[in-house]
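Okay, so chain A shows up in both of these, paired with chain B first and chain C after.
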Partner chain A sequence: MNLESKVIGKPVSRVDGRLKTTGTAQYSADQRPSEDRPMHAVLVKSGIPSGRITGFDLSAVQGMDGFVRFLSHLDGALIRSIKNPADGSFAAGEEYTPFESDRVDFVGQHIGLVVARALETAEAAAKAVVVKYEASTARIAFDSPDAEVRQPILYNTGEELQVSRGDVDAALAKATHTVQATYTTPIEHHNPIEPSATLAVWDGDHVTVYDATQGSVNDKNYVAFGMSLDPENVRVLNPFIGGGFGCKGFTWPHSLIAAAAARVLDAPVLLVLSRKDMYTSCGHRPYTEQEVTLAADTDGVLTATRHLTDSYRSPVGDHVEPCGLTTAMLYRCDNLEVAHNVRVLNRPSGTPLRSPGEAPGTFALESAMDELAEKLGMDPVELRRRNHTDIDQRNGRKWSSKHLLDCYDRGAERIGWARRRAPGTWREGKDLVGLGMATACYPGYRTPTQTRLTLDRDGTLHVAVAVQDIGTGLYTVLAQMVADRFRTSPDTVRVLIGDSDLPPGPLAGGSMTTASVAAAVDDACRVLSETLRARLVKIGKTLGNEPLVVDGGALRTGALSVPMTELIPTGSPAIAAEGGTNDIYGFAGGVETDKSFYSFGAIFAEVRIDRDYGIIRVPKMTGVFDVGRVINAKTARSQMLGGMTFGIGMALMEETFIDDKTGRFVNPSLGEYYVPVNADVHELDVEMLDIPDYDFNPFGARGLGEISNVGASAAIANAVYNATGIRVRHLPIRLDDLLEGLPR
Partner chain B sequence: MREFALIRAETADAAIAALTAHPNARLIAGGTNLVDLMKEGVETPTHLIDINGLGGLDDVQARGNGGLMIGALASNSAVAWHSDVQVRFPMMSEAILAGATTQLRNMATMGGNLLQKNRCFYYANHAARCNKRAPGSGCDAMDGVNRMCAVLGTSDHCIAAHPSDVCVALRALDAVVHVTGVNGHRAIDFADFHKRPGDTPHVEFELAHDELILGIEVPGLPFAANSTYLKLRDRTSYAFALVSIAAALKLEGDTVDDVRLAVGSVGTVPWRSADAEDAMRGAPATAETFAKAADIFFEGAIPRAGNGFKIELAKRAIVRVMETLKERAI
Partner chain C sequence: MAASANQLRINLAINDTVHGLDIDPRTTLLDLLRETLDLTGTKKGCNHGQCGACTVHVNGQRVLSCLTLAALCDGVQVRTIEGIGTPDDLHPMQDAFIAHDGFQCGYCTSGQIMSALAVLEEPWGPDAAAIKEAMSGNICRCGAYPNIVAAVQEVRKGLEVDRNA
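Moving on, here comes the complex of A and B:
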């Protein structure tokens, strides 16, 4: 295709970089579209984990200067009764209708909304609302004996959650080398810097929602349904998102509540979630317990694999943490069992968090592989090589493009894997040093996407699609793609995204935006090229087959150069073209294909552990990734750095504690929920193989937002084992896990 | 909304008068802790008395005896980077710089640091029981998430650890807190300034409502030039200590001539053990001596389910810090 592109793969700086670094980018809560100052809304949240609301005492609120209105289920049907529709036209974070009933299913559930003229008043009033409850038995503890346990059939991608092939028990009975262990991962929160925020502005029967969402189209359809409107009467704007990591993926109740309040009050209403709200209002990664059993012959070839995941869901949220899906596809193994149990608990709802399933699942699987390598006396990289496969183990299809073995080679070289020694034997000064590794992988997803392209008289190309840049660099990537097809500079491309009125595109989740827009942009560029060629012919030009070049004020092809002013005479509209694709990859209902699409990688970590204190540092991590063609070397690397940093946090720090008695999260703040600081992050060494996957889309790119977080925690945990000889089977790994057993 | 009046005091007398007039007033200087607690509704003052305008309280004065007088309004940063502090009492400088963040240290004052509240997960959480916040309500930390809590100086009513870094150093250095109030000036030994919880965990300081801190006197201690502060925590910055050590060592040949040792985040107040120091004085400066002192230091410690590791961690840290100071002293 166009491997010699002047723009694809180049480290183009973010086209929106200046706006962001100067603080002039307008995020949802910054928007002030009209002269009317918005009313400020603050949520009233349930203080009990289970029961019903018997009343609200507003006596302390009603006299407050500037207090406007309290809304709750007592105000009648403000929101149309919602269940996630079978047609997939939208996805809500929770399967219940806010303010529909008096029922309470978890602490933090939205049960009321205070609206006031000033934020301070709304906050004070929300605290002063006295809620009366009739509590019922709550099941909060993970081991609640009478909690309902479900075996869900499908993940939200359509992937089967209960998988069985061959005969695991028979294989285990014959096995010479087995590993069986239980691994746990904690509750984790997304903690984007920008909290969720919704500003709803009505104009008659039309509502504009400035929403911090990873999916403007999904948001539009959900709000339209909830407000009983045609989708054309809802416009969602999200030009800038301050991080999401999944908690702004599906639409959560607060967006609808804000829209309903603005309609009732006939005034713009702004609802910004507090940091504390963020812990219970838009999901978390649930705690998981994973039992992994592996058996191998003396050559290290896997003969049996079992991965049983136990997790939970809230009564109103159907998220499953799909830890075993990776296990079902990754290594060649004929006898396999993957199962997912989900307990129904009175806890806030879970939701995807960067690499849902893959991140906690590979912690378990890749730790178990490390344990198996130890038992076999085999190098952990070699064990993975021996179980490598070119066939997707779930469906028997060949991978479209898989270069995982190269990732192992390159990673081992870059980290200096040959330096690795026997567990607990590598000492430098006061430090114990260790190396660990893990395989990373993440599915390639694509969803239907349409794109509008416009060429105007001054030679500027405009690309418009209802997708969003959640900080990943999509503005820039889109400009590069269009520039590539018209052999021009990204500077000549204007990118219009973050608006649900534009041609529909995917939700920013599942690392699928770049691959989805790649196909649509390519098609729209083809349509525009044909339109331009026809126009040139129409104005009497003779064309060859040479490609079109948008060159400043002229359109060139071969030796021909036509001024834009000639192509588009004064008074004529700019030349527009629409293109796109309805193809789906990676989800149920996807295109018929004999290929499987996945990104792969290998993560290596070096740890240094103080041999007295057990403090774990990560002086170096290497990630080598096979993610298809890299569109922008700079923003792609930035994503990988972020994901690997995420991995350090997951491995060593992140944990939300829940109080099993009250159902409350104990540490809902950035001061108490630790993520890495700069001083915790040392050398992050990233290499991308940059091998195009043209079976996947015409730009050859697969997704890369999530894969860099996959395997990172296992690589660090395995390095901790190598350094100390101590196997820690839970996350995060802290010094107190090592203190007693350190080889001092 | 919850309103409060802001009173700008230009003199100590004016501040005292305002405190006296308003029983639910709080002094505010840097506000790095108080404002957070006001947002959480844990502190609900009717009046804030801004003492930033009080003159002459924001400097560090070197005393002829080798000591220092640190004004209550001196910023944490100013003290940490003050050359006399760095030379005479490196443990103090290191302790401050191990705490919080640059931004917070620039705002936070030394007087305020002495008065900062604990960071137990249940303290600022209105849904939880906490005898410090709501006396008599109970303590959810006892059987809750108590990994950060104290093992020394606890009571049946409270196990919250004292969170300050610099107070650990000040405890080791036998600082004296100078305060003034309606009844005039008084000097409070640092050991008496912070109160163990006992039956009244909500009473945290030896400071009457009408009193304000003027300064912190650090007596001269020549061998404190050989001192250090070690902070062990879950991440490298912006985290409270799991265990911290402030120590100074003077050798006479191979023997410990004099020593100071205080440990942070293990006690309900900055903790020091006279017995542990006595066990080192006159003893050979060996790992065995230091380990024995560490054992003595933690005699009577009461671990809970989540924080027992602090004892072993602190003992190892004590030994290593003393070994480090020994090498520096030779």
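Moving on, here comes the complex of A and C:
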């Protein structure tokens, strides 16, 4: 089909690159839409983990030059009460209505807003507001004895969280080789470099919200609900978003608070979260404890698998870190149990963070597989091969397209797996060297998407859809898709996204945008082609079956070439077409199909550990991925580099600490929450198998935002074990985990 | 903005244009650029000097504008991303960042490019390891580091940028 395409799969440079490199791309806090300069807002957040607010002392604030207003629950019903599950039109990160009551459920909850003419005044005033509380008993520690424990039934995708098949206990009783261990992963934060920001501008009963969101349509519906507006009276604009990684996926209270303040004050209001605000205002990946039990026969074939995850949720946020979902589908095993418990704690709310469930879950599962291989005396790659399956273990369906065995082969070759030695025995100079690997996988998702296409008189194609480019390269990918179908250059395509008034599309999460727009763009291109053919016939042209080509100022097909000026006479509107699909894949209520859709990959890591100091370095990682057809070789590789870099951070650096007494995050800054910097990242080697999955959509792409940090932390942890003989079952792995036991 | 008792008068040149401004003494150079002068190409990522997104040049050297009080900028020359190139007239470093895909979301990019341009004038060694070190004050959460190093090295070596590479 399009394997011979001139644009699909090519390393096309980003079409928005000139804006992003010159500082002219406008993110939410950069927008200056009105003559009136926006007022600046700063959040006042709760300082206690549980209780009620008894009052605010504003005496230090009232006289500040330029102070405008303080808003809180004492100002009446600013925001319509949102009862979960609300009206089903949006997904929110938290189930409570901001400024609705005096109740406080966690430290950092938004309890007030200061608005001032200047940012400096707003910041000073927010610090000077004194909040009075009546504290109540808080459950903060993970092992709080009286915390409520829940067994949630479904993840937000509709997938079962408690899974059981066969008889695990019976299989374990007969097993010759078993491993059982508990693995933990820490609280982690997304930390996009752009903090969340909302600029709300009202015009009568209509509000325009410039919001740093991964989902303009979801955001529009949330704001409409909270402001008691018809969704048509809300427009969300997000042409550029400075990264999200999940924390801008669902909508959060600050967007409503900014919109409410702008309405009350009848003036544009800009609310930019501080870096510290970001730690408690828009989610995190919760701490997990995962007990994994694996049993295998002497050939390494799995006979029993158990994966029990303990985590927590806040009183007002229902996120569950679904660590065991990967385990339920990945390896062939007839006896399996997967369970998820969540405790309700007075902590800020969790939310999906790049590969929610898959990233921490594969740390546990793939570490356990490494331990099992060690016990069997088997090569870890061979163990995975012996448990490979062409059937989705959850439902018995065949995979639409799975080439995982090739990923293992290619990865092993590229990293030089044959160099691997027995644990703790490979020394080079002062370094202990090791190699480790893990399997990567991520579901294929698709959601309903509509697209509008327009052909101009000057031969320009316009594609419009309410999706957003959070750095993934979607602007460029959309231009390539349309260019492919009209056999033209991406330069002749103008991409309009980042606007909730456009035909609706998915939020940028779950690695699903490319696959979702692929089906919609293909359909819109078909409709536009039919429209153009009809127009050609109408103006007296004789057509063959050859495809249409948009070629500069002419529309060509076969030997026929018609100038655009003849096709679209002066004064006539551009030719428009709409297309799309309501199909859903990967979520509950999706299309009935006999196939399952997943991306797969293999991650390999080499580590070098200083024998005296225990310092861990990752000189090389290799990732080989089976993600369907790659639309843009350049931006796809970049996403993989980014995911593998996320994996290095998760494996070796990232951790948010909470104080069990006060409920405060202890290190809410980039100075104390370490993320990889340039000097931490060395050779990242990426190969894409690039095998189209036309069962999934007409462009054959699946999705690749998340898969590259799935398995990455396990590959590094397994390499650390291979280098040192020390098994670390928690993340991040730091030099103090190794110092005492390092082989001398 | 009318001068009041607690405001300070400063004169400074930004991208070769001289400004006389009455400022709140608490104002940082970053907020002055963004909120007073609408030069929003310079970004605020952490406001604590930890991410590098706000990097600008003051008298030819890279500084973190979020940690620089505007009041201390009287008489200085400031250069921001807006003074480097435009979409229609890119600086070679901007061209190289595009060719090598040295960004994804683009939010840290102004700071990365301002740092990279300063690095050209600083005494760093020739190899990639030196560039990794020199550029480690600029966090890219999307993880474009290898591509950033490639872009900077290409400009340093004075190579022609191949836009289709």
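To be clear about the criterion, the second predicted complex is superposed on the first by the 739 of 744 C-alpha atoms of A that agree within 3 Å, B and C clash if a C-alpha of one lies under 4 Å from a C-alpha of the other, contacts with A are read in each partner's own complex, and residues count from 1 in each chain.
Simple rule for what comes next: a residue touches a chain if its C-beta (ideal position, glycine included) is under 8 Å from a C-beta of that chain, and two chains touch if they have at least 3 such contacts.
No experiment lies behind these values; they were computed from the predicted model shown.
Visitor: Taking chain A as the common reference, can chain B and chain C both be placed on it without clashing, or not? Answer clash or fit.
Guide: Once chain A is superposed (C-alpha atoms), there is room for both chain B and chain C without a clash.
Visitor: Scan A:241 for contacts with chain B and chain C and give back first, second, both or neither.
Guide: second
Visitor: Thinking of the overlay built on chain A, is A:645 touched by chain B (first), by chain C (second), by both, or by neither?
Guide: Touch partner of A:645: chain C, not chain B.
Visitor: Give one of first, second, both or neither to describe whether A:436 is in contact with chain B, with chain C, with both, or with none.
Guide: neither
Visitor: Applying the document's definition of touch, where does A:360 land relative to chain B and chain C: first, second, both, or neither?
Guide: A:360 sits against neither chain B nor chain C.
Visitor: On the A-aligned overlay, A:191 touches which partner chain: chain B = first, chain C = second, or both, or neither?
Guide: In the superposition, A:191 touches chain C alone.
Visitor: Report for A:124: first if it touches chain B alone, second if chain C alone, otherwise both or neither.
Guide: both
Visitor: Does the superposition put A:657 against chain B (first), chain C (second), both, or neither?
Guide: first
Visitor: Looking only at contacts as defined up top, I'd like to know whether chain B or chain C touches more of chain A.
Guide: Looking at chain A, the partner in contact with more of its residues is C.
Visitor: With both complexes overlaid on chain A, does A:666 touch chain B (first), chain C (second), both or neither?
Guide: It touches chain B, and chain C stays clear.
Visitor: Scan A:679 for contacts with chain B and chain C and give back first, second, both or neither.
Guide: A:679: touches chain B and chain C.
Visitor: Once both structures are overlaid on their shared chain, how near does any Cα of chain B get to a Cα of chain C? Whole angstrom is fine.
Guide: Value for chain B versus chain C, nearest C-alpha atoms: 5 Å.
Visitor: Quick check on my understanding: which residues of chain A belong to both its chain B contact set and its chain C contact set?
Guide: Residues common to the chain A contacts of chain C and of chain B are 118, 120, 124, 671, 676-680, listed in rising order.
Visitor: Any idea which chain B residues touch chain A in the complex?
Guide: 1-2, 41, 119, 121-122, 125, 127-128, 140, 144-145, 147, 232, 234-239, 242, 309, 312-313, 316-317, 320
Visitor: Hey, which residues of chain A end up touching chain C in the complex?
Guide: 11, 13-14, 16-27, 29-30, 32, 40, 65, 118-120, 124, 191-195, 240-243, 245, 272, 274-275, 470-473, 634-635, 637-639, 641-646, 669-671, 675-681, 683-684
Visitor: In their complex, what parts of chain A are in touch with chain B?
Guide: Residue positions touching the partner: 47, 64, 118, 120-121, 123-124, 127, 612-615, 652-653, 657, 659, 662, 664, 666-667, 671-672, 674, 676-680, 734-736, 739-740.
Visitor: If we count contacts the way the header does, which residues on chain C are in touch with chain A in the complex?
Guide: Interface residues on chain C, with respect to chain A: 4, 6, 24, 26-27, 31, 34-35, 38-48, 50-51, 53, 80-82, 84-88, 90, 94, 97-99, 101, 103-110, 113, 131-133, 135-149, 163-165.
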